[in-house]
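By written order: A, B and C. Residues from 1 in each chain.
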Amino acid sequence: MASDAPIPAAQAERAGAANLFAAPLAVLMRLIDRPMQVLQRLIGERRMAYVFLLPNLVFFSLFVFLPLIINFVFSVTGGAGLFPSERPYVGAQQYAYLFDCGSFLDPSSCREDHFWRGVSNTARFTVFQVTAMVLFSLLTAVVLNMKIKARGFFRAVYFFPVLLSPVVVALTWKWILQRDGLLNAAITSLGGERILFLVDPSWAMFWIVFVSIWAHMGFYTLILLAGLQAIPADLYEAAEMDATPRWRVFWRITLPLLWPNMIVVIVLALIRGVQTFDEVFVLTGGGPGTATLMVVHYIYETAFANQVQNFGLAAAASVVLGVVLFALTLAQLAASRRKGAA
Amino acid sequence: MNRIARMATARRNPGHWHWTDIAAYAYLGLGVVLMFGPVLWLGLSSFKTQAGLLEFPPSLLPMSQKEVRVEGHAQPLPLFEVTMEDGSKRVLAQVRRIGIQAQMVDPANPGQSIRVPIDKRTPVREFKLATENYTEPLERFAFMRFLWNSVFVTVVATLITLVINSMAAYALSIYEFRGKTAVMLMVIGTLMIPITIILVPVYLVITELGLVNSLWAVILPGAATPTGVFLLRQYMLTLPRDLIEAARMDKASEWQIYWRIVMPLAMPALAVLAIFSIMWRWNEFLWPLAVLTKTEAYTLQIGLNAFQGELQTQWHYLLAMTVVTLLPVALVFVFLQRFITTGIANTGMK
Amino acid sequence: MHSKHWISALALTAGLVIGGLAQAQTTVRIAWYSDGNEGEVITDLLKRFEAQNKDIKVVLDQVPYKAITENLPVQLASGQGPDIARVVDLGGIARYALDLRPHLKDAAYWEKNFGPFLPWMRPEGDTKAITGFMTQLTVTGPFVNKTLFEQAGIALPGAKATWEDWGKAARDVAAKVQAPFPLAMDRSGHRFFSVAVSEGAKVFDAKGEPAVIDDGFKRGAKLVYDWHQNGVMKKELWGSVSGTAYRGANDEFKNAQVVMYQSGSWQIAQFDKTVGDAFDWIAVPSPCGAGGCSGMPGGAGLVAIKTTKSPEAVAKVMEYLASEPVLSEFYARSLFVPGHLGIAAKGLDYQGASAPAKAALKVFSDQVAQLSPVAYQLQGYTSNRVIFNAVISRLGQAISGEGNLDEAYKRIESDIAQQIAERKK
């Protein structure tokens, strides 16, 4: 789908908005041209690749790799010091603390029970969220792909929450879900009893999944919609001539052809699920009890909210999380490879 | 599943309403309510008074109690509808409340005072926007300075991100060189690391660079987004190679190929990245809170949250300031929505 | 040319950030958070200071409270802190505090008027340093919606009533008038320990080391736990969030949904402003238990920071703000209980406060004398927030149904031991 060359008309439409950023960039680019030509003459065309990579790599090393290394150093040191030089080396002790469990199936038997509750909550949240996200964004994409009026408007309706900050999303819903909020007003006016949505563990989990889908579904819907639109119409026409039942057409044609996009959606939603923090933090604060406490929340709380800011333990937990995320990302790579082969 | 299947493959005669059409519009209608409703509710609530916000059941529109001037009283008095002992209803103004009795007067006949049990009265209300929710915090804080800082951070950071990410993506998509796989792995490996978990190490780096309290401390760390590199590279891979080869034949320098040929062609992807970058930067909260401690350097998100104390959430301010920070995003969206949605669809995620 | 663009951009921001520094002035920066109007009051007072001292410029950086608890410690540890900060975690910040004593004109004034509070702000082991003063002394205690009691036709429990008496009265009133919250208590360590200390909790052993779980503590915890089981307290505060998060019931109280609200003196200003004439609210003395009738002291201190480049100017600002007339005005206008013995002894005239607010302020000011020594010791303990946080987090879990009280006790002990061990490394 991505290989469609941009249509001139569409490009013109975009140009207006893009100029905002493009104009200053163009000036900058022209200024750099001459020194770059000199450089290219000196080192040759092939090695220009490194020149192009350099600025990004410098930023990357300073603000991503170096911090990752410091983070690792934190995880093998202890105490409450901030600078690595003030922190005594403790080896794998922080990791040992994390994995100090009577039984891995029972968080309350662990030394760091909140970490394991976070792991189990995050796992449950991610499974519910990914399943529901795929179903609803698929349904929405399918509906938007029908011959409907005002498709642009409806597409925008589903997409706009993607642009809201997680804090705004969570505040908006907290305001609706609280004891005296809009939803309870609706329930009581229909003669029902108030429900304390954020005090009941199952409801709290339901709502964080719901709100997360509300906020991000638009993005995934667009990915799936792009996939649906790329399916050649003649496939459907052929199926119609054979009088194939519609559900068979969906199973045999639509789903297989949409599969690559589905994988993207699943993997992105999966990774985002594991990382979830801001929205849940503001909406439920990890409660009731620890029913919606997430791993990243545990890390944040350990490093910042406690009086003794335990950077070591937090860093160890984040290294563990990082390893899991890396594995998931590799899974994405493998999946997209398979897609390339298909 | 059957229903979805029908919808997915529905081919209808024009002008003929199939039941799937009705279902589809019903679904879309529900979507409009569910997606717009909450934000609309937030906007309406932000115009309610502190007392109005606490009401249950909440009123749809911002209302506040009506007051009247009554002869013989310096201050305006609040109006109530009172159920009298004989069951009749009267509108009275309250002079004062003593315990569970209220002393009230009829505004038309101020001489005579009437005692009413307080549970027999309900306030008379009128539509009124509590604009002070907006004006009070905005007057108290250096709003224009915060706004300028936010705009500066957002624009400069987005420009830097676009330039360095596209350069890296260009290198990773057009060239073959030693170490390419390693760089790709690094990009992908860090794709998914949330800043929350490396907040303290990044803070240390910023401290060593002496950037604390400078806007550059907010701009620089997030500039080299792995997401951006990844997105742009995936898009550039789909560009026709012959164009680049032809340009090289014409003796165009590599830099010229990058910004004259590849950049314009990558416009849809760049636009998507630009929009995401704007949103990320505009909404950033945790990181600026850590590195900006001086009022002059605050961004909107930090400055407008300064009224959040230890012991109370001032909902009326909080909601209003949320709307203030949301407005620019809403405007960007209204003007660019077609551009954003088609951009993402065109970029695809390969 | 690329770099030229950069330099000009950098210069532009540098100009923006540094602002008016160019004059030959010393700048003193204060990191300040506000719960009510105290930010506006101090701004006024500082303007007057600047008018008297042309060579010192004072900048008040108003931040969300979150920045003070979570980011300030990191900034201080890295030497990037402000010159003065308004903090609540006095013990935790103490090791970054500047000893003002050598710079003060009249150290005796500070000792005389701030004596009992100075140790709260001293680094561990230090017995002499003067590092700051209390912008606000807080005392925990209950507020009561008197109108609800009248409507229910139930008499208020007397002065020496126990927590059990109050719990029962609140439940009866709530049942009669259909108020959803009979008794509410902030989700906070200070509030819990006001109950626990009254029930006889000792918190420390003979050597002054924490020994939190004793019979008194258990009585207090059981009381709070049982109240949640039998509906006297609702799970929305203690059972709704995880970890160390604070939750208050001030909005519910203002809305006449709470019969009795265990909170503290800092609520007076906002109740005065927002309850208005809707109902009669009063403060009552702390209820009693086996260990007496004590509240918990606490509050926010204004602390000078060691890394400042101009300690002389900092001392001047602090001296000005701590001086009796200025501080009186500050307390009076923000409706705070004075943390200055001289002012407290004279009694403060809260001009502009309504009659109920004045009455409540008097109840709380009188409570200061009733505070148990254990309460003072806990407030002065450097790592007290470790204790508070462990209690909030674990008791909250038990209340929301995750495990029982005995498990919570074990976790509280191990959480405290682990964190203190980490600090000592």
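Here, a contact is a pair of C-beta atoms (placed from the backbone, for glycine too) under 8 Å apart; a residue touches a chain by one contact, two chains touch by 3 or more.
Since the structure is predicted, the reported quantities are computational estimates derived from the model, not experimental observations.
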item	value
Per-chain CA centroid nearest to the all-protein CA mean	B
Chain at maximum distance from chain C, centres defined as averaged CA atoms	A
Cα-centroid distance, chain A relative to chain B, in whole angstrom	17
Chain B and chain C, separation of their C-alpha mean positions in angstrom	32
Distance between the centres, which are taken as Cα means, of chain C and chain A, whole angstrom	38
Residues of chain B whose C-beta touches two or more other chains	54-56, 200, 204, 315
Where chain A touches two or more other chains at once, by residue number	28, 32, 82-83, 180, 304
Where chain C touches two or more other chains, by residue	71, 74, 78, 255
Contact set on chain C toward chain B in their complex	9-10, 13-14, 16-17, 19, 29, 31, 33-36, 39-40, 59-68, 71, 74-75, 78-82, 88, 147, 150-151, 186, 246, 248, 250-251, 254-255, 266-267, 270, 274, 277-280, 300
Residues of chain B touching chain A in the complex	1-2, 4-12, 20-21, 24-25, 27-28, 31-32, 34-36, 38-39, 41-42, 45, 54-58, 158-159, 162-165, 167-168, 170-172, 174-175, 177, 180, 183, 186, 188-194, 196-202, 204-205, 209, 220-224, 226, 229, 234-235, 238, 240, 248, 253-256, 258-259, 263, 265, 267-268, 270-271, 274, 279, 282-283, 285-286, 301, 315, 318-319, 322, 325-326, 329, 332-333, 335-350
Residues of chain C defined as touching chain A within the complex	1-2, 5, 69-71, 73-74, 77-78, 89, 91-92, 180, 235-236, 239-245, 255, 383, 385-386, 389, 396-397, 399-403, 407, 411, 414, 419-420, 422-423, 425
Complex contact set, residues of chain A against chain C	28, 31-32, 35, 78-83, 88, 90, 108, 111, 113-114, 179-180, 196, 198-199, 201, 284-293, 297, 301, 304-310, 312-313
Touching residues (chain side chain B, partner chain C) in the complex	50-51, 54-56, 94, 96-97, 99-100, 118-119, 140-141, 149, 152, 156, 200, 203-204, 207, 212-216, 289-290, 293-297, 302, 305-313, 315
